[in-house]
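Next up: the structures, one after another.
Two complexes follow with chain A in common, the first pairing it with chain B and the second with chain C.
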Partner chain A sequence: MAAPPQFEHARYTQNRGAPIPAARQSMGRALIWFGSLGLLAMILLQILDATGTLPIGFENWRPTLYAYVAWAVALGTGQVLVRGEPGWRALFVLPAALFTIAVVVFPTLFGFYIASLDWNLSSLDGPKFFGFGNLVLLMQDPFYWNSLLNMVYYVALVLVEYAIAFGLALLLNADIKARKFFRVAFLLPFMLSPVAVSWMIGKSMLESRFGPVASFLRDIGVESPTFFSSPWVARLSIEVMDAWMTIPFMMILLLAGLQALPREVVEAAKVDGANAWQSFWKITFPLMLPVSVTAVLIRTIFKLKLADIVINVTSGGPGGATDTVSSFIFRVYRDRSNVGYGTALAVFYLIAIIIFLILMLRVANRLTRNVTDQ
Partner chain B sequence: MKRELYNKMMAMQASRRSVLKGAAGASVAALGASTALGAFTAPAFAASDLRAEMLKVPGVGVGSPTDADWRKVGELALGPTKDRVSEGEFAGVELTFMGLNNQNLHNFLFRGFLKPWEAYTGAKINWIDLAQSDYNARLQQSIATGTVDFDIIEMGAPFEGDVAGKGLASEMPDWVREQIDMDDYVDYLKAPVGTWAGKTYRVSIDGDCHNFNYRTDYFTDEDLAAAWTDEGNDGPWEVPTTWQKVQAVTKFLKGKKIGGQDANGYLDPLKGWGGFGFYFLGSRATAYAKHPDDPNWLFDADTMKPRVNNPAWVRAIQDVLDTIDSQPPDQINADPGTTGFQQFLAGTGSMLSWWGDIGSNAKTSDSSVVGDVVGFDILPGSDDVYNASTGNWDTLASGPNHAPNMAYIGWGVYVMARVDGDSLKHKAAWSAAAHLGGKDISLWASAYPSGFQPYRNSHFNIPEWVGAGYDEAFITNYLASQANSYNHPNAAIEPRIPGIFQYYSVAEDELAKIYAGQFDAQTGADNIAAAWEKITDQIGRDNQIALYKASLGL
Partner chain C sequence: MAITFDDKYAESKANRPPNYALMRVLIYGALLTWTFVALFPLYWTLSTSFKSAVDVTQGNLIPWIDFQPNWKGWRSLGLSPDTIFGISTPRDEFIGRFINSIITSVGSSMLALILGSLAAYGLSRFTYKFGFMRNDDILFFFISQLILPPVVLALPFLVLYKFLALLDTYPGMIFIYTLTVLPIVIWIMRDQFNTIPRELDEAALVDGLSHWGVFFRIIVPIAMPGMVAAFILSLILTWNEYYFAALLTSTNAKTLPVMVASQTGSQGISWWTMAALSTAAIAPLAIVGIMLERYIIKGLTAGAVK
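Let's look at the complex of A and B:
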């Protein structure tokens, strides 16, 4: 409900014109200090209790959560009391910021802490501080590096997916019959669950004995067709299933980009005598570069999370040929209850992804800047 | 009884023709089975009125039991409880029970069974239902974070190391032991299984083992028999009883036809299955690795040094490698589920190690084509067995060494130590567990869909099954393969140590590399052993040694 006009006016006048009374500011500061001290004290008490230094008998960490909420309220109220109108404005952002800290920043930092532990759930001794020990183990773990190498292959194939998606987008952007039908039809694979695709295609259609694809290949003379037995064929089979599901997503992004292209530029090129090939490479492709970069970036992020199809269809085999980092971490966590090491693998992967994406963005920025400058 | 087995019985009894065909197909197995089962059937005691009455609820062939039936069974089975607990004795006591909700069985039955118990004793039970896939994580997290929030748990024996080994389970009182008649358990479920350091913790409600499933039509095929002789193979064309013969038959069958289809021998699952795939290499290895004079076969109990890279295990791995080319194409991508349900039951392959599910699905599964031609036996043996103490291969005077793999050991009910401080709660929890694991109620659970297999000697009393309405030929044949494994004197019992599935999971990763040709058998086995040593060190070697010894009753 909107505040009464008189109230709004009075507050505006007060904060723009008259200074905020010192007593009110002091009260606000005191509130923030008390809230902060309360939060810190509660954290300290819980840590002392958890480590057994000062047994208090907390059953869980909820008191710290309550203290955090109380501190958030104190902080918000204090902002208003100390800063007046700017404090009110801060209230629009503060809850979201504090919520982000609670559910994103804190878990991430906590993840770094867990990654520094030697913590196997089956160990009688519980978690032990391990420092960079998990990092050392990671460096020596051939299964992890194998899965990282596989990720390089999978990510490299994003460019092939992009080319196919671009081709399909051009097709659907052209004046073809049943264009609307094809647009919907091509989107259908993107609507499917990866688990469903794993079973419907990977475990049924591509089944080597009775699957229809294998049967067809046998009918045309291929002996013992298999799709997951040799490393490269297995990798490609996984890639094809994953690409089939996600190419429509790239395609739709690119199609939206194509539809937003200024028609006069393309038509001017035609008037100047450019053929379709020249028109594509000199006009369409460069103009589409910003959209293309976005599509490839988002697809790369999707690809780096590839796990479900691999887990369901090959379990990473044969011999680790299709393993991804996520499917390997899944095994370390679910099957081996190795919480510390599994978290360390995930944290290392997160850092590697961030670095990789930053580099990608720089290259992309350079590419798009060149286009814009031209 | 597993639901599939019950359905199978019903399907068979719906068709006399099926019964006859099934009986004919199973005759080969029955030959071998009848001797051992005779021990149970010979006395042929008359079923007690109570047991007979219980088995009529709801009646074999009149549809799956409902909650009302489970309550009725629970009511009928209350006698032993009434002998030890007075009415309303547990009024005000609340217990939390954590178990599974697989196939709407397990906890669903327990609820019904315990309703009359709750009404009589006055106790109230709260339920935590878990999907099988969530079970391990939920249990491990509860233990690791000190948040055990249940008083009674349905748990597989392999997890005993994580629970009983950490002092989280309550020791069974003597009156419970008497109430549930533990002497009636099949041999392998008796101590040390269910015990730690001489203390008993488990009320068994299930049994599990791998048995040998084979195609009778292969071994009665005249063309194959003639070819076997023509190619100069030793001995007659018959169902293999040793792994040496399994290997020979598997290699022989490569390129052969049966009924116009490609013939295949033994099926190895070469793809991992969340740790469960390792059981299948274990089934190949136990005959080589489990010496009758030594309870250890996977680790040295004194050091936790893995034996998985000793000559016995390497030989088992090499056996797999030697027959990969003789197995169906794409076998490298076949997990145990594939070998069992998409291959063997669908007509591919002639020999397979699996749990009892294969037998129970053979006739009822829509995708099964082998219902009339499947036979069962205990796992094959070996002409020689590795002696880990001498480093030699021994040939036993008694003949081939058999060591059935008691894979997973089955479900049990355990009471948590957190009730020990409250004598009334303690008695209530154990009374509930004893009610679920009672002798009579367990017969009903064996005969009707429950998720549990027979596990007591009294469960193999064939006249009771026949009296309840089961077909004698099939039930005799099927149960024999279970009973002969359960009671085998050299059964290979799985180590019940913390994190046992971590060992299996790591082994699956390394085995995948061996099967993909990246390492030879010995190198790959050494890699598994090295990875196992790391796990042992991480979990705590001294603790593992102590717990392993405790699990062995040493």
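Let's look at the complex of A and C:
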């Protein structure tokens, strides 16, 4: 997530304990082989059953899931039997790794496969191979490109969130009373459910007839204020809600950064006669760059997942002005049950954001390197 | 931005800059303004749950002065004092969803904490080599899952869960929520384990404990604050999760956010009922959050500052 991972290499590399008997090792190997064969056999049986070649009558694919779990246990036990102490150590990482492979890597690869299908879950005909057909459709889908463009706007607004969060962090870092109260109050929106906030702010406070914000705007002379009828106002209203919930996260990160600043450097600047404005831009801001980059990066990653508020407040309206990629695909599935096309859109999005984040990391590295070099 | 360090490092009153009083006013003014921004929506929701139709349309704000609070919103949920012991279908529905939310969020946070702590401990203490992957690569493999937007997994999971008969079940929801928080848990816990000196492990190893013995008897008790932080943060994220729940649950495992969302969608639902429902949905985590605030901060800032 944040700072680049640093590794002090562990010292326990020496093999402890007695050499492992050959019989135990071969038993372990047999166990792994047996488990793997069992898993493969189960998959094969289920495929044969599913295609109707060998009707066994499985109700669902759960047997394969159980076979995977059994294989995982066999692999873990086998590791210990074959390798002894290093095997025990491998057991720390194996469960998480095997879990991740099962629920992230495999479904993602499966997603690439679905993306090449023309598959409507609600129609009676099963999946048809479609190749790059979905990609061609995607290229011609103005609503999808519109939602991608909206993501650019939303991501750009992260910088505004960052500026506000930095300001709040500075406030909390100043010499104030009741710091803990303010910190808790500022952090509270972070713990709320986006769906509840969709109602609390989006549907009630920003309601155009008797929502408090509309009443207030009328009082100060805005005629018939609405928040979700013109594209830019609607987009900003969504952004305000999202920012309200997530600014606390960046604020806390930046506050931690401020509190870790070396005191002497800041004081030295004061002695040199720098005023507060100068010492902020010359000292505090550059020193805070690594933390800032981390905060903006993580926030961007989460921003790219924005969906819940849009789904619940505007459903992408007006005219797709507030649509995010996630909320658009949500509706593609909800309204048309089109799994193949929806997954193709999602996979395309994944590739796009990976490229975007790699570029962003490059820029981030350059930014922070300049600071540390000085 | 003039507030930066002026106050913090002013040694005595004599040293204070001439505009000191003005600065204080500005700082506290800004603090109070944002406190209002942060808390008003909560106040609005809570107070609306005690309003009746007239008070809503007139935009009355202050109870007992502007409007007379009543239990209308809570009564429609079956949670007001006079209906709490009666029979109430909305309350049964609400409690059912509430329990579903607890089962899926606590279950997945526990699972993520167990899997994540083990992996993080391993990665912070031992040198691994799985094929071409070294420790750094394994860590990156875990953390990079954070980038994956839910939308990429949602539809494949819909299809896979259909095949596996896991749609709308607790285990199905727990698995998918675990994967969404596992990278965060691994990140926080590795940071936590890295702060525990290795000499401790070595001493315990010399005393004859195995690596697993060291982990459970020595390391886990010391790493407890980090574990609480990781658990609370996972709990917040999974309790509030909507996207997967909306696509993958229908009747059995439907969680609270899905219920709240389905109510907002329906026309003609009264504001006081929605306000009461929203309050009830956010209250548990708001309370947990206020009480365990320092753990949340610990979790959020893990590894961010050296």
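Before moving on, here are some points about what is shown:
We take it that the second predicted complex is superposed on the first by the 348 of 374 C-alpha atoms of A that agree within 3 Å, B and C clash if a C-alpha of one lies under 4 Å from a C-alpha of the other, contacts with A are read in each partner's own complex, and residues count from 1 in each chain.
The definition used in the following text is that a residue touches a chain if its C-beta (ideal position, glycine included) is under 8 Å from a C-beta of that chain, and two chains touch if they have at least 3 such contacts.
In this text, all values refer to a predicted model and were calculated from it rather than measured experimentally.
Contact with chain B, but none with chain C, is seen for A:320 once the two complexes are overlaid on the shared chain.
Residue contacts after overlaying the shared chain place A:168 against chain C, while chain B stays out of touching range.
Within the superposed three-chain model, A:249 lies in touch with chain C and out of touch with chain B [touch as defined at top]. With both structures placed on the common chain, the touch criterion links A:22 to neither chain B nor chain C. By the touch criterion defined above, A:210 lies against chain B and chain C together after alignment on the C-alpha atoms of chain A.
Of the two partner chains placed around the shared chain by superposition, chain B is the only one that A:335 touches, whereas chain C remains out of contact. Applying the stated contact rule after C-alpha superposition, one finds that A:152 touches neither chain B nor chain C.
For chain A, the partner with contacts to more residues, out of chain B and chain C, is C. Residues 121, 209-210, 339 of chain A lie in contact with chain B in one complex and with chain C in the other.
By the touch criterion given at the top, residues 1-3, 5, 7, 9-13, 16, 59-62, 65, 85, 88-93, 95-97, 99-100, 103-104, 107-108, 110-111, 114, 121, 167-168, 170-171, 173-176, 182-201, 203-205, 209-212, 215, 244, 248-249, 252-253, 256-257, 259-260, 263, 266-267, 270, 275-277, 279-280, 284, 291, 294-295, 301, 304-305, 307-308, 311-312, 325-326, 329-330, 333, 339, 342-343, 346-347, 349-350, 353-354, 357 of chain A touch chain C in their complex. Listing the residues of chain B that touch chain A in their complex gives 136-137, 140-141, 143-144, 161-162, 165-166, 271-275, 328-330, 332-333, 335, 342-343, 346, 348, 498-499, 501-502, 504-506, 508-509, 512-513, 515-518, 535, 538-540, 543.
The touching residues of chain A, when paired with chain B in their complex, are 118-126, 143, 207-210, 224, 226-229, 231, 234, 314-321, 331, 334-339. On the chain C side of its complex with chain A, the touching residues are 1-10, 27-28, 30-31, 34-35, 37-39, 41-42, 44-45, 48, 56-59, 61, 114-116, 118-119, 121-128, 130, 135-136, 138-143, 145-160, 163-165, 175-176, 178-179, 182-184, 186-187, 198, 201-202, 205, 210-212, 215, 236, 239-240, 242-243, 246-247, 256-258, 260-261, 264-265, 271, 274-275, 278, 281-282, 285-286, 288-290, 293, 296-297, 300-306.
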